[in-house]
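Letters A, B, C, D, E and F name the chains as they come in the text, with residue numbers starting at 1 for each one.
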């Protein structure tokens, strides 16, 4: 299995509901350094897992809808704790949609799995990974 | 699959027996930066893999029994080379015991796999990972 | 010149005023990984720049007043853009106050300079450093 | 499953053919920080996944054939884009050959899988991983 | 003294002349992760050392003239070993030119010193730093 | 001012005397990742601060006398707490001796300052830096 991973980041505000969150129930924020790993069993004719330029652009486009925002006010997340692990899944789903829409090129439809990993500090990270339906579909 | 990972560290002394270890047969030591990754296929009702506060406390408790010690004198490791990979397993087993004992809360019993990774320097690390019995039991 | 540095982190929300900030004028947030470096020309009788345990506790105490907060609502920062470089200075001043108050022990009054460095992502950081008055005074 | 990973690096020149590569069609270069992870389900009698000294020596030997070279002029890669993911596979194959040849010792033939990860910058990496035939054979 | 630092990278090919360079006399290459630190004794009215957006754009513009190139063929470097420390100085000079030309805004002319640090691998880096003439001039 | 820095590491055992050290009074150990930064105002005729190959070899030679040892039993450190900051100074002194003895070549006698930084974990480091006498002398 081959992998290619690209990195970018977002800076967001949010708060959590539930006693388990302690002081994180207050409005606070985070920098998430976001790694998206694309996997496939064979390389394309150019010797690539994915066009790394398109992958970076697509990741930036997906992150732009979250970046510099208060996630408590985003309609998509109403009533939801936007934990690091939850956001990893959100970004996963949106990257898969982009692949299905062709944003990473036709060859990228051969990607079989994706892992999205969000580092929230030097001591904690969360991730979501899954195989993709084939060909990738929204 | 979702993951959450927390990081802490220990500073220990030990020595190894066997010619394969060369100069590491002498009494020396290591800082191990310890990453414990918890995995489960679905989030709990709070949107969590695990209560990250409890996970950090539990990791600290497990590591406290090893930290600032000469492992050559620990009864639990008599006759055993405490290699990095061996210690990854020791920490794995003790974290699993803590989950079974409820230290990470009832929801944490849904954790299906754990990976423990010990970085011993900027050029080497070792890990142990395994699926857990369900529900997690000591 | 000797140095010792300890690391911790905070997760805060804030917004900036001024067109220069672009999308960062919206309420957003950041994880700041905070490094505080203590400098002095000679070691104390124990062979230390500073008691690293006290240094870590003091840094945590200073950061606790900022952690998991919306800095836009902190009275201390009214009318102020809480940029990364500004926050580095805030933490510097508060650490110096703690030294003067004896929180790092009597020997720590020999510290001659401090540098506070805040990493806001994998691609940007800011810092404030200065010599201290002697003996360190608030 | 146990893992041990060792790290080294190479500094190479190359160019790519195909419009997808944009400016990387020009002769340029890269530092690849190379992580090779060895996996096996049980430790050997010494408590090891692999003799880390032999693993490091073997990795250096494999990398020496690539290091400080223009890969466009290497006969082994004629007509091939030496992308990061392609090189991960090349290094994987050569490490497997070394195991089969006994370079990592007899016990290393119990290794069941290897992952080779090449970091090309602070924002991108690629990898190749696979189970090994048993016993490992070239 | 305040600092702000931004990071980007380049991927170049080059070779060195002189026996001291050993195998690096062959055509090879490097990824340089480039950190540019801007220093000034007081913040501007917005609470900034420098507009981090302009700083990042300026760094990218400066690096674009080097990126994805064989430095042996660049007229600017004829007869020169483009060592890491030499390139740190080149980037320093070009960033200073940009400040003088106003690329970082009028307030950036208060910057009093710059440090450019190039990491060439996980085990080696080089840097060039200097005070600037005031106001910054090419 | 130009800098070049090389990195290596040691794994040692030791204990500390004095109540300030708490549990670190017990025999324990550490991995120290060691960065040695060489500084000089102008490059040598090859465009170098120092021959990076000789610098790495010299650092390894200096570290070999400490590596895989119990520092409590080293005659050189009797009655001394081998704190991280103390060891930074020890390595500094020994590197300066090597420069004076010619181990880094004649050109290296133009080095004007050195900084030795020891990272003991992901959350703490210590350093010693100083200008050198000229020409460098033991």
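Rule of thumb we're sticking to: contacts are C-beta pairs under 8 Å (C-beta built on N, C-alpha and C of every residue); 3 or more make two chains touch, one makes a residue touch a chain.
Here the structure is a predicted model, which means the values were calculated and not measured.
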| item | value |
| --- | --- |
| Far-end chain from chain D, centres as C-alpha averages | C |
| E-F compared against B-F, more contacting pairs | B-F |
| Option reproducing the contacts of A-C, where over half of them reappear, out of E-F, C-E or D-E | D-E |
| Centre-of-Cα separation between chain B and chain A, whole angstrom | 27 |
| Shared interface positions of chain E, touching two or more other chains | 7, 122-123 |
| Chain A - residues contacting chain B, complex | 16, 18, 20-22, 80-86, 88-89, 117, 122-130 |
| Chain A contact footprint on chain B (complex, rising order) | 1-8, 43, 46-49, 51-53, 56, 105 |
| Touching residues (chain side chain F, partner chain B) in the complex | 7, 9, 11-14, 23-24, 26-33, 67-70, 120-123 |
